[in-house]
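Sharing a structure below in structure tokens format, with a few things to ask.
Going in written order, the chains are labelled A, B and C, and every chain counts its residues from 1.
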Amino acid sequence: MREDSPSSADRAAEARPEIVWERVDRRVRRALVWSLPLILLFALAILPYMASAYTVTLTFLVFFWVATAQSWNLFSGYTGYVNFGYVGLIGVGAYTTAILIGKFGAHWLLAVGAAGAVTAAFGFLIGIPFLRAHGIYFAIAMLGLAEGLRVLFSMDLMAPLTGGGAGIGFISGMSLAAKYYAMGLVALLSTAVVFLVANSRFGLQLLTIREDELAAQVMGINTTSKKLMAFTLCAFLTGLAGGLYAAYVNYLVPATMFVTAYYTLIPIVMATFGGLGTTMGPVVGAVLFTIISEAIWARFVFLHLVIFGAVLIIIILFMPQGIIPWLQDRRILPRTRWL
Amino acid sequence: MADLLTFIEFSLRGLMVGAVYALMAMGLSLIFGVMRVVNVAHGEFLMLGGYVSFFAWSSVQLNPIASLFVAMPLLFFLGMTIQRLFIERVVGKPELSSLMLCFGLSIILLQGAQLLFTPDPRGFTWLLYPVRLLGWNFPMYMLMIFATSMAIAFALFLFLKATRWGKAIRAVSQNYEVAQACGIDARKVRMLSFGCGAAMAGAAGAFVPVQFSLSPGVGHEFILKSFAVVVVGGLGSLWGAFLAGLLLGIVESLITFYFSSHLAQLTFYATIIAVLLVRPGGLFGSAEA
Amino acid sequence: MEDGAILTLERVRKDFGGLRAVDDCSLVVETGKIVGLIGPNGAGKTTLFQLISGVLRRDSGHIYFHGDDISRLRPHEIARRGIGRTFQITRIFPKMTVWENMIVASHSAGAEERARALLELADLLPLKDHYAAELSFGQQKLLDLMRVMMLNPELILLDEPAAGINPTMQNKILDLIHQLNKEGRTFLIIEHDMDIIMGHCEKVIALNFGRVIAEGRPDEVRENEEVLTAYFGK
């Protein structure tokens, strides 16, 4: 039994210290909230005209990781269902673009759009059986899916389309600037989608699945259909990102396109570091990790993934909630789903 | 008639390969039963066992059975250390934590192995001569591996059934709270079980360079096969893992023979999906010997 | 089917392996009443709740809500038809705010006003931006009850609403139940505290070994031979 007097509610509400962010003058806050994103957008928009090809390519990769970390977050961060088969979705998107451009000579715009649609349809179809599985079983099934896809795409049977184990090469016809802007839009779109979801009833319903799926069901929430919607949305955004990524790689081989260690681990680390189930966390994580890895780890290429693995362990052990919720818990940032 | 004989021959070959799957999956199941952690890094334990065996052979010509006496204790202590340092901290936390922790470990071990041992495939031949058994020829190494795997599996069953620590493991996996109330040190039991689980994977791994080809990525293929095994046998059930391991070994061998090895690989994933369609919660069990 | 029955169970059965948890159980809950469900540990009370709310599927028999068979529906469909429930161990959404806990449980327009009114009623409004995990145990139970009300349910199943909290909070919850009952809502309550059952229920159903052994007015049931035997042995 604990003490509960009627007034304890009011006292608890009063006892909490003011949030650091809210100590800042209101006008300054408003100016920052509106101007910072605009300045950032403007800077990113003119970047291809100002910076070297290296910087543009690096920023393109930041966009790719923002889009993927955000998509991973959209499903797994909100529902708590760990998607270890994420690379499979990237792979389906990438191959769709590669096949449409390489084999059918489609325009990249069409090919990338189709990559989103095909991956969304794929996500929807595999979601129906896979999302019936709870928790750990889902994680197991998804790990199997990525491997299954790798085998499938390397099969001789598929060779006329995928090039089998030898892979498929193509020329996207995209300039670096076109790739840059397109991936930037996908990153922006992913973040906007997560933002809208986070601030909607749909987002709250997804969170209840993470919190307590059974309780959510008896509160009248059809958790199966919500999971399927989120998973399909995640697949769509991932398909776009994967499709554009293919244009950057230009040559797809199952052995490198379906490397779980790379394309699943990195979005997971970035999203988890920034904060799962937040809006800005994956962005923060993706930007930070790409810059750090470029600045420091590029010199130790062979240790790259070891470090990412170690970072994931450190995050899980010492800051499992991620940086944005960490700041919110310490009352530095306000607790809002806007972040 | 000849068809039937071929069918039986390849079933028997599959059974022998399945014994290795059974060993590995039993370890996975034991760990899950005791601490509700799905050890995603289990395949990397197997891979390490494989390298112990490979280097024991290539440096001092130690045969894989003898190298078990190195691989198993080594993996046992590695497992205990990893459990104590990392896994113990996420026991009882949301499954997302333990899944991602093990995923991180798996990547570190995998990438570390690539650096240390290079990605080149390794292997060696051992006892390759045929032995006539029940009218068929089997390579000698296959029979030896099968017999040894069976011995290890039954040793584990015996350990859980007859020894004090074994009973403590079973008690914790059946009812954690009651076991603690009975004075069982659950933390020690968790360390011990993780060590045993890792040692089982290590034992299975010791045979990998003989039967298959060994590379740092081999664990990935095997963890997926083990997942299929435990999903069929019931996560947490040792007998389930044992029998399902043998069964899937047979199925794999038959499909490889009649169709193709690619298709056999896909069978494992299809199995996982099929079971989850029928029983979305998996087929739960406890680490009952 | 009787007149005025909101919930009717007809020979409902549930086995767990070899154990029969609910054994051809038939009972009726009348509209507008507060009904107590009692019985010794393992009598099948909570299992019955799981069956009514669709969390578990019955092996045989029928469950009628307003005369419609709901025994094949999934939990969220049952909830939307107007049966709300709480769990014995409070299952709030810990890392969501009190306000979000409320809003997410509503599926119709006017959720905000409704949430505000209910939180006001339970004195939880000042805490609306706190994470549910930051509330005291008693406040969490209160939130759980108020969250169920967001469904605007006609029938509410409460699993030990007064267990483990101090008397002040207990009275608050019981007052709320009465208040909501006056609005026309029916309650089916599992409770171990006989004083609460006696003081607040109009009808009591006693369960043992998964079947109804007695029902009627609280004082009648209390004197019932079979009930006494079930609780205290011979």
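Here is the rule we use: contacts are C-beta pairs under 8 Å (C-beta built on N, C-alpha and C of every residue); 3 or more make two chains touch, one makes a residue touch a chain.
All of these numbers come straight from a predicted model, not from anything done at the bench.
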Requested in this report: Among all other chains, pick the one whose mean CA position is farthest from the mean CA position of chain C.
Outcome: B
Requested in this report: Please find which chain has its CA centre nearest to the centre of all protein CA atoms in view.
Outcome: A
Report task. Find the geometric centre of each of chain B and chain C from their Cα atoms only, then give the gap between the two centres in Å, rounded to an integer. Result -> 46
Query raised in the report: Taking each chain's centre as the mean position of its Cα atoms, how many Å separate chain A from chain C?
Result: 41
Report summary line: chain A to chain B, mean C-alpha position gap in Å, rounds to 33
**Report entry** Partner chain A, residues of chain C touching it in the complex
**Finding:** 53-55, 74-80, 84-85, 87, 91-97, 100, 103-105, 107, 123-124, 126-127, 129-131, 134, 136-139, 147-148, 150-151, 164-166, 168-169, 172
Query raised in the report: Quick one: in the complex, what on chain A touches chain C?
Result: 1-6, 8-10, 12-13, 201, 204-205, 207-208, 210-212, 214-223, 277, 335
Query raised in the report: Hey, which residues of chain A end up touching chain B in the complex?
Result: 80, 82, 84, 129-130, 132-137, 139-141, 143-145, 147-148, 151-152, 154-155, 260-261, 265, 268, 272, 302-303, 305-306, 308-313, 316-317, 320
Query - Contacting residues of chain B [partner chain A, same complex] - result: 38, 40, 86, 89-90, 93-97, 99-101, 103-108, 110-112, 114-115, 220-221, 223-224, 227-228, 231, 235, 262, 265-266, 268-269, 272-273, 276-277, 280-282
